[in-house]
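The data blocks that follow each hold one structure.
Here chain A shows up in two complexes: once beside chain B, once beside chain C.
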Partner chain A sequence: MQILPFYLVCDESGSMSGDIDVLNEALLALHNEISTNPTISDKTRFALIGFSDDAAELQQLVDLGEVSQLPKLEAGGFTSFGSAFRVLRSAIERDVPALKAEGHDVYRPVVFFLSDGVPTDGGWEAAHEALLGSAYRPHIIAFGIGTADRSVIGHVATFKAFMQQGDNVKPAEALKEFAGSLTRSIVRSASGGRAGEGMSLQVDDHVPGFTSVSLDKL
Partner chain B sequence: MNGDGQLNEEHGGRADAVHLAEHGAGPVGEWPFVQPRAVQWTEQSEPAPPSWPHRAPQAQPAQQPPQYGNYGDYGDYVDYTGGYRAEPAAPLWEPAGAPAVPDAGYAPPAPGRRQSAAVEETVPIAVLPPDADRPGRQPAPGPAAHTGARPPAYPAEPGELTEVGSDLFAAMVPDTVVDGGTVGAAAVRAVSVRGDSHRYAKECRQDSVLLVRVGGLAVLAVADGVGSARYSHRGSAGACRLLVSCLISQADRLTAALLAGDRNAFASCAGVVMGRVAARLQEEADKQDHAPADYATTLRALLVPTDPQHPVRGFLAVGDGGLFRLRAGHWTSLERSADEGAVFDTGTDALPVNFGAPVAELITDGLPGDLLVMCTDGLSNPLVKEPDVAEFLARQWGAGQVPGLTDFLWQTQIRARSYDDDRSVVCLWEGAR
Partner chain C sequence: MSGPVATAVADGRDVDLADLALDGIVGAGGQGRIHRLRGGSDLLYKEYLEPARVQAAALTELVQLRRGLDGTARGALDARSAWPLARVLAAGRCTGFLMRTAPDNMLWETGAGSRKPTELQYLLHPERPATAGVVRPTPKQRLVLVRAVVDLLAGLHRHGLVVGDLSQANVLWTVVPEPAVFLIDCDGIRRSGARPVLEQAETPDWGDPLSPFGSDATVDSDRYKAALVVGRVLAQQAYLAPGDPLVPLPGVLNDRQDAAVRRLWEQAAGPFGSRPELPAWSAALDARDVIPVPRLRPPPPRPVDTSLFDDRRAPRGSVRLPPTP
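Coming up: the complex of A and B.
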């Protein structure tokens, strides 16, 4: 089987408390869209990692057609990017070999990373670097909302990065657009930009409510 | 074990690797089908069916269809309804005389009996109760089998019929094409079946297949319309058709090159043909006011001399797909991989605009009993990447017998999750006749 794994890494820090329900509703819609579309459910796997003071795999990598619902995100605590990247790395380094051992063709994992603030832990860059040094180095698409730092978001991403547009866009609207963009990316990547020619990562060039962030150059 | 169970044994690959669908598992199987008791497929004790010309003078004038109004000799009438021979010994009609007809309207049909519009004013037609002592449905391939623990999430059969929209051509592309024939001492089977993803998206099949003979040369072609190209279904169909028409003037030269085993002559001639196909496909796009790139398609063909004494086969191709040999149960790819190190390189050469020199090779080391398999990537991908698919097809196709058309379709449809592209394949069994 050909499998494209998606990891959603989501900020659950206290500052998200006002908007976390919007995100939970959007995840419900995403689950519904993906689990009922065989083009996607046969080819993709989805995992959810939440982070605040520390990070946790709320949903291990799974065929969304096989779970009835996704766990809910709950806000509270600080914003430890380092924990998020460590948990993500260990999840990817466990999941990809497991899928390959089952005989599957595994595509490079795709990470959608969302934060509404600046990292509150020191040393997160080292964890980020270790993640990118992994044999299964993922593509990272990073989204910043609220008080997120543009340069930090640009540093986290390896594929594309987006920042919420000024104060005229509400975080709740931005979150809906974020989830919509994630869903579209999963659908388009699995359906094939060029159908029948394997999967290739498809991500919106422009996400409403967001501006594109140029990525760090190495 | 019923007939289905027996069938499963016959068609199964490794028991734990391939899962056979139940007969009647889908809506298609829910018809209240009543098997005419007289249908016999294998038993020798059954008297041979009389032929029409022999039988006809007794019951009706020769060369005329059965006279429904003339049922004076009921016992002699043979019901060929549905193509099955009915039981001559059984009473085929109600006892003499029409049934009592109520004053208002027709008699209701008896339970389990068929009624023909042609005779409903007189009597119900054939009475054929099921018989427990006779075999039930003749074993048929049944719904497609699957590998892996779970079948694909898609329905196994096509959904709602395509609506005629702005692209009439697309609406008229059949979901599935099955074809076959013989070439010299070889037997050919071909299928082009729409992939699950195109069925789900209500899009037409973008693959095409064509089998034809041009003089002393059989042309076996498959084409895979590039998914992102808007009119690639026209491209693939056009490429197959134009290949044949451009080959006509070159058939003698190509045949001579094949018979002489002259690769250079074959390649140069094949290059000319491919160039013409591309030019004419581009013209067709222009005529329709379509961009030529919207007709993007692969094209691969086997050219097989019809002379059974000549074992050389020609292969020409633009774009990806598969060319394999199954010999003694083992698969071998006959194509050199472009770059073993490439990870999922999804780029592909395509007619009519984006291609370099076509692949043109001679296959000179064939043996009787070989199977040559040429296919689009919808089949080559699962064949290469899923060992269970490769083993299943090796067992099905390498059993020493050329499958019938329906069996061949069933075999080609082996399902594997995440492989949802159109599949087209041509199989050539060498020395099968």
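Coming up: the complex of A and C.
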């Protein structure tokens, strides 16, 4: 079986407290959409990593059709990007070989990264670089809301980056659109592709409430 | 439903987009969006995102084919498919078509309370907690459903049509109150050899690996895909393909059906052009048992009457030819 793993890496810092429930509800909707579609859930896996002072794998990589609950995101603490990238890297380096050992063909992992602020840890760039240096270097789609820094979001992403549009879009609306975009990406990536060819990563070009950010050039 | 839209649908005539009261989008795909119509109508409007690419003539052909059926056949088609009923035009350009909504009993309610179409895929995967809301068939009903899909496709082939993109997502089904199937995305159907309304993407895992025409719809690749439907539904195996061993779920087939299905399954793994025709599947899956016809023994040869070969005729005479000038 061909498998496309998705990692949602989500900011749980204190500043997210006003809107974290919106994101929890949006995760339920994502679960409802994917888990009720066996064709999609067969070919994709989903993991959830939350980060604030440090990072934790809240949901290890799983077939969403096989779980009946998801852990809740809870806001509190600072914004340690470095921990997020370290935990993400070790998860990917454990998960991809495990899927291969089960006989699957594994596609390059896809990371949806969401933050509402600037990193509060020094040295996060080194952890980010180590992640991109991994043998299983993931595609990263980064979303910034609230006080996130445009250039930081553009630096984190390797595939596409989006920033919430000014003050006229409420963070709650932006979070719903973020989750919707992630759901569409999972569904379209797993159901697209031509017969005989593999899956290919599909990500919205435009996400309502967000503007596209040009990526750092290497 | 009443007014110009109703009469146009009844006559298969084109409908003006301005006459449609759109009431929200209920679905979206790569090629178009599906709109509900206001006023409790059971019609939907499929709007193409790129009308400039639409082969309007292919759509006309589908609409007219339905119009040409007698009442019984048209009723049967309407009950089993979201067939294009009338084209929709805006400023003379075809922007989409009207079709009927899927029957209400072919939707199921998820744990979160949303309603989703009961796609063929739920017959190909075992039940999971998230899909427990789908009312599943008994083994006998499973057989009836497979036969219903095959009969539906056989009917289209009889009319010289090919389906092309047959997949886990474009056949809906129910067993409540009784087994029935419903074909959607019917605008991909076209006359064999003709161009479709829009070039169709083929669904992954549903391609014909041996077709020399790639993903183009042909009668034989339709037959291959019909074999995929039969094998995958009978075995509840989403990725089974001819060449793999077919193990139907227990209790679905009797011994005669089982032997007949296995023969055809083997044939379906053969070269392009040799896949079983749809009526062969219908016969194999038929509930009716067959009566073996006693083989008639030919009568023993009569003894040869050698006297018939005796030379009892007079010596043969000759005909005189006119002299050549």
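Here are some notes:
Keep this in mind: the second predicted complex is superposed on the first by the 214 of 218 C-alpha atoms of A that agree within 3 Å, B and C clash if a C-alpha of one lies under 4 Å from a C-alpha of the other, contacts with A are read in each partner's own complex, and residues count from 1 in each chain.
One rule holds in what follows: contacts are C-beta pairs under 8 Å (C-beta built on N, C-alpha and C of every residue); 3 or more make two chains touch, one makes a residue touch a chain.
Everything numeric here is computed off the predicted structure, so don't read it as measured data.
Annotation: superposed three-chain arrangement on chain A; chain B versus chain C shows a clash.
In the superposition on chain A, contact of A:3 is made with chain B only, not with chain C. Once chain A of one complex is fitted onto chain A of the other, the partner contacts of A:38 extend to both chain B and chain C.
By the touch criterion defined above, A:176 reaches neither chain B nor chain C.
Look at A:200: by the touch rule set out above, it reaches chain B but stays clear of chain C. Of the two partner chains placed by superposition, A:86 touches none, neither chain B nor chain C.
In the superposition on chain A, A:191 makes contact with both chain B and chain C. Of the two partner chains, chain B is the only one that A:107 touches; chain C does not reach it. Aligning on the C-alpha atoms of chain A brings chain B into conflict with chain C at a single listed stretch, 165-173, out of 111-119, 165-173 or 255-263. Under the contact criterion defined above, the residues of chain A that touch both chain B in one complex and chain C in the other are 1, 38-39, 41-42, 65, 191-197, 199. If you check the complex, the residues on chain A that touch chain C are 1, 28-29, 31-32, 35-39, 41-42, 64-66, 68, 191-197, 199.
On chain C, the positions that touch chain A within their shared complex are 30, 110-112, 114, 116, 121-122, 124-125, 128-131, 168-169, 201-207, 209, 215, 238-239.
Looking at the complex, you find that chain A touches chain B at residues 1-3, 38-39, 41-43, 65, 103, 105, 107, 191-200.
Against chain A, in their complex, chain B makes its touches with residues 148, 152-154, 195-198, 200-201, 206, 224, 226-228, 344, 346, 348, 377-378, 381, 385-387, 416-422.
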